[in-house]
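There are two complexes below, and they share subunit A, which is joined by subunit B in the first and by subunit C in the second.
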Partner chain A sequence: MSREDGCGKIVSWARGILIALISLAFLFPFLCMLLVSLRSRVDAIQPERIFTAPLTLDNYRLAIGGDLGSYFVNSVAVALFTTLASLILGSLAAYGFARYQWEKREDRAFWILSQKFLPAMAVVIPYFLMASLFNLLDTRVLLVICYTAFNIPFTIWMMRGFIEDLPAELEEAAFMDGCTRLQTIRRIVLPLVLPGMTATAIFCVINSWNEFVFANFLTSIHAKTVPTSVMMYLSISGVKWGEMAATGVLAVLPVFAFAIGVQKYMIRGLTFGAVKG
Partner chain B sequence: MATVSIREVVKKFGDLTVMHGVSIDIADGEFVVLVGPSGCGKSTLLRMIAGLEKITAGTVSIGGRVVNNLPPKDRDISMVFQNYALYPHMTVAENMSFSLTIAGTPEGEKKSRVAAAAEILGLGPLLDRFPRQLSGGQRQRVAMGRSIVRDPQVFLFDEPLSNLDAKLRVAMRAEIKSLHQRLNTTVVYVTHDQVEAMTMADKIVVLRSGRVEQIGGPLELYDDPCNRFVAQFIGSPAMNVLPASCRDGKLVLPGGAVLDAAPPALPDGAELLVGKRPEHVRLGGGGVPARVKVVEPTGSETCVLADLSGRDFVCVFRDRMPVRAGDAVSLSFAGGATYFFDKDTELRIR
Partner chain C sequence: MADEVELRESMRGFFRGEKPGFFQQNQHLKYIAPAMAVMVLLSVVPTLFTIIIAFTNYRLGWEFDRARIVWFGNFHRLFSGGDPDFWHSVWISVLFMVLATAIELALGFFIASLLNSTEFPLKPVVIGILIIPLAMTPSIAAQMWKLMLNAEYGIVNYLLQSLFDLKIIWLSKDLAFWSVLLVDVWQFTPFVALIIYAGLRSLPSEPYESAAIDGASRLQLLRYVTLPMLRKLVYLCLLMRAIDSLKLFDTAFVLTQGGPGNATEFLSLHVFRLANAQNGLIGRAAAVALVLLVIVGVISQILIKQQRKGEC
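After this line comes the complex of A and B, so read on.
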């Protein structure tokens, strides 16, 4: 083995160890949650027994046995419709920002982004009053409206970048080939920004899936989502750590599955980016 | 096939006027090249013909029909873009047939028209490939194929060869020209390369700063330029232009050297510009003294850069010249045409 080969192996090992350490740091909270979810109620509050105590699925049985199923349905429905609405409205707005020139365009783009600066807590009371006025409290529709309003600035900002990266000549070629503006968007722009849309969709899904403030304040029984279910495990008799952790693990799984499912579109996006118009 | 008529076309971007009342008539089946330096407005004019840019004033007519307010799809024209603009998510066949798909052409007819265009351009084996799997020249051919399939009234080309290497550019130049001869469709072609313009055009339109400087056949512009700009833009290397004055029936350079060329009919003491093409200069023969700065032999000819009265002066000789850098030579203006331009307006003095 030559000296260069030896150095190369050391560098490779060092890189591997570094990646493993960084991954561990990020995964540690999740691992803790997983371990707690697999322990009995007594063992879950004893950190010294967290690695050695016997495993049990009781927490999962209890968590699933409650109302968690309906919370999941609510979360899935709200995330799905929020993502769809955000992508459709946000992408069309992003197209406008990317392709049309008008006065103070950049100021307006920044104004839209600035909506993201607003903390949810600052608007939740006005939202509550408005929802009450329109008789929308404790409905999925209300959550979809709130989440879409909060997701759209981010969607516009992300999609604008992806659309601007497309050479304008591609659209002009489509116009020459006989397309209208809408046909051009559907047949040329959309397929080419699909990878970017996928990435944006993942963020939208994660944002709505994890949202807590609106869900907690604007729903009570019928439209409660998974993140609010942690409140069920807080009571005057104490915190049910095991069930809370089991719910947390179950809550992560759908987003994880979604990200894995759409990963291939993101990879396709990388190859598209490498192609010259 | 169709005529294209551009009448007093003006284009403004905000307060900035980039086209100042341009008028050009293009006959049926004519190959017209719009040429000029960067920023002269040639691509803007092409885009206005295409319908991709709004016309501020004036009219553009295709086949006798004013198309100012028609969208590109209703103008019956096709365009080949500088960066090809092939749809990366479609195969070559899909790219070529896209316009037919949009028009709702039956599948059988689509296939036969794509096959016919592929045959003309030698794209048969590439029909199932994606643009990323093609070389620059092949992409260029697909872009042309996409235009041919539509069978438009007018072909527009926007600097289609500028992304290709020198060798491929020469080959594609010949290909486009032979394609035009075969299809005999009206072509409007934009380039900043005057060699491309000279070799391909039936008619050249020289543009500068949004104005037409001269319109004419390639050799007409070369032999009979109307001003200094056209004289120096057409021809490679560019025409040499020297300041001179008329004294006692002779042309005298600022340093006092006398040119061996007959001056125009101007009063004694009049100042003017004298133009001489590099290939019309002869070595020796009692001409103006000069000193050789650089010799560039290309095999078929010798290009000599000389210092003539303190100015750079380029000569091209068909023979292999026995001169070296630093040699003192005399350059004769007696052979070939000598051009004279007004010192202020730079218009040709005939």
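After this line comes the complex of A and C, so read on.
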């Protein structure tokens, strides 16, 4: 009996150590980024001093003081409008998919899902040419348009699951009580689906916040977003690692905070149709 | 009044999935039409545009009427070896997809089972740590890895040197591919792990109990109980990771710019190299983009079909 306990203990210790090691491995790059962001330019490239060099906030000051401020403004504006547009269009479509039956419904749904896999690189050329025709290059509007196109499939897919999760009887009852369809959606569906919608919104925000291909090729000066800042730090006299790391830390914080806040719904939203089925 | 009653009746019919009449049958249209229209305008039209450009010799900065239709000229050049880098790009892209997907799925599944097998108070912290790579901007994360993997002043080599007296030139011609793979695995294994973990948590316990009574081994449990129940979820991860790793651009672009030489010039980077300001070979780039599109389309269709199998 005691021997078995010993074995169990060893196994659980081994498990604990393994989990700790795995966590450390995944955390390590972020830790490095944090440490580098707090070091002076010379200390950043001296790995032996990474834990001991004096701390400084200069990098954050320099990063925000430079062009980065406007990059952040662009990123926020683009993420906000993209999310709004994709949520409105996507949720409406999701409602249609969740609440109506029609012959080719599943085929349509999978066509939409397959659009999610369209490689950005395959359409960035026509986007570029069309945008230059309409004089939209290097504007936030263009990025919002691109990102909305790429976020809609995802939004429909996630929101459909959340809406299908609600019992249709609730809507029926409201309808019987004399609510119009629009009132039913506004008063019954919307409040109930709000947590899921928040999770979907945060996915949209993350997608557009971190997007690189369109941002890099369709903007040049005015509409640059945070992910493209890496190109700015590749100066001839060497990469400004500290400022870059500071940018990275600033960029990851809001996303991380959001993601932690709704992680439960995020994971559930992603696994719809795959767990139930 | 009569209208309203009729409407209510028809709506109840809808919710029960009864066969609707013609007009009602198209009621879904007003919900899905706006999104569909936007997608046709912003995904289908550009795709068609790419196809058209791929048959021309259009170059960056030309007036459109200067472009000539060259029919399959661009494709002929690609497939006949006139563009020696092309087959290399196809090969490493597919290899990268297979390796990244396999490693991320296996490792993700392992981490998920590990997390599922034990309860401890710090679990939310571990989950939080797993979210960090997913939340980090890929381009900036890749830049960070570039510093960490630097042969002279990177922290990875510093640790390897002080622990094992090893010095690895991570971004050399031989290893650059594997470094990109390493970064991809670091960034997206948590994605698989979190999804599979959620799936494992949602599994019912009865099948495990009866399997335990039948004396099933752990491997048998995995093969005959867990995997079949998680089949759709695993296909979902497979689909997402396979396609995303095939499309990979930012990580490789920042980490290696496709180099050294063409060691990490994946298909999307090849498109970029042909189309960028120096070369401006838009027509040829569009042809390569189209090849990428076809590969992505074929693989996603196969995986989606597999995932839908067994659905009614």
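One rule holds in what follows: the second predicted complex is superposed on the first by the 229 of 277 C-alpha atoms of A that agree within 3 Å, B and C clash if a C-alpha of one lies under 4 Å from a C-alpha of the other, contacts with A are read in each partner's own complex, and residues count from 1 in each chain.
Note that in this section a residue touches a chain if its C-beta (ideal position, glycine included) is under 8 Å from a C-beta of that chain, and two chains touch if they have at least 3 such contacts.
Bear in mind that the values here come from a model prediction, so they are computed numbers and not experimental data.
Residue contacts after overlaying the shared chain place A:Gln183 against subunit B, while subunit C stays out of touching range. After overlaying the two complexes on the shared chain, residue contacts for A:Ser70 are found with neither subunit B nor subunit C. In the overlay built on the shared chain, the residue A:Ser40 is in contact with neither subunit B nor subunit C. In the superposed pair of complexes, A:Phe175 makes contact with subunit B and with subunit C alike.
Between subunit B and subunit C, more residues of subunit A are touched by C. In the superposition on chain A, A:Ser114 makes contact with subunit C only, while subunit B stays out of contact range.
By the touch criterion defined above, A:Leu192 lies against subunit B but remains apart from subunit C after alignment on the C-alpha atoms of chain A. Contacts of A:Thr139 after superposition on the shared chain: neither subunit B nor subunit C is touched. Across the superposed pair, subunit B and subunit C both touch subunit A at residues 169, 172, 175-176, 271, 274-275, 277. Partner subunit C is touched in their complex by these residues of subunit A: 12, 15-16, 18-19, 22-23, 25-27, 29-30, 32-33, 36, 44-48, 50, 89-90, 92-93, 95-97, 99-102, 105-106, 108, 110, 112-115, 117-123, 125-127, 129-130, 145-146, 148-149, 152-153, 156, 168-169, 171-172, 175-176, 181, 206, 209-210, 212-213, 226-230, 233, 239, 241, 244-245, 247-248, 251-252, 255-256, 259-260, 263, 267-268, 270-271, 273-275, 277. Of all residues in subunit C, those touching subunit A in their complex are 8, 11-12, 14-15, 17, 20, 25-32, 34-36, 38-39, 42-43, 45-47, 49-50, 53, 111, 114-115, 117-118, 120, 125-148, 150, 153-155, 157-159, 186, 189-190, 194-195, 197-199, 202, 232-233, 235-236, 239, 243, 246-247, 249-250, 253-254, 267-268, 271-272, 275, 282, 285-286, 289-290, 292-293, 296-297, 300-301, 304, 307-308, 311. Remark: subunit B residues 50-52, 71-73, 77-79, 81-89, 98-99, 102-103, 131-132, 146, 150 touch subunit A in the complex.
Subunit A makes touch with subunit B in their complex at residues 167, 169-170, 172-180, 183, 187-188, 191-192, 271-272, 274-277.
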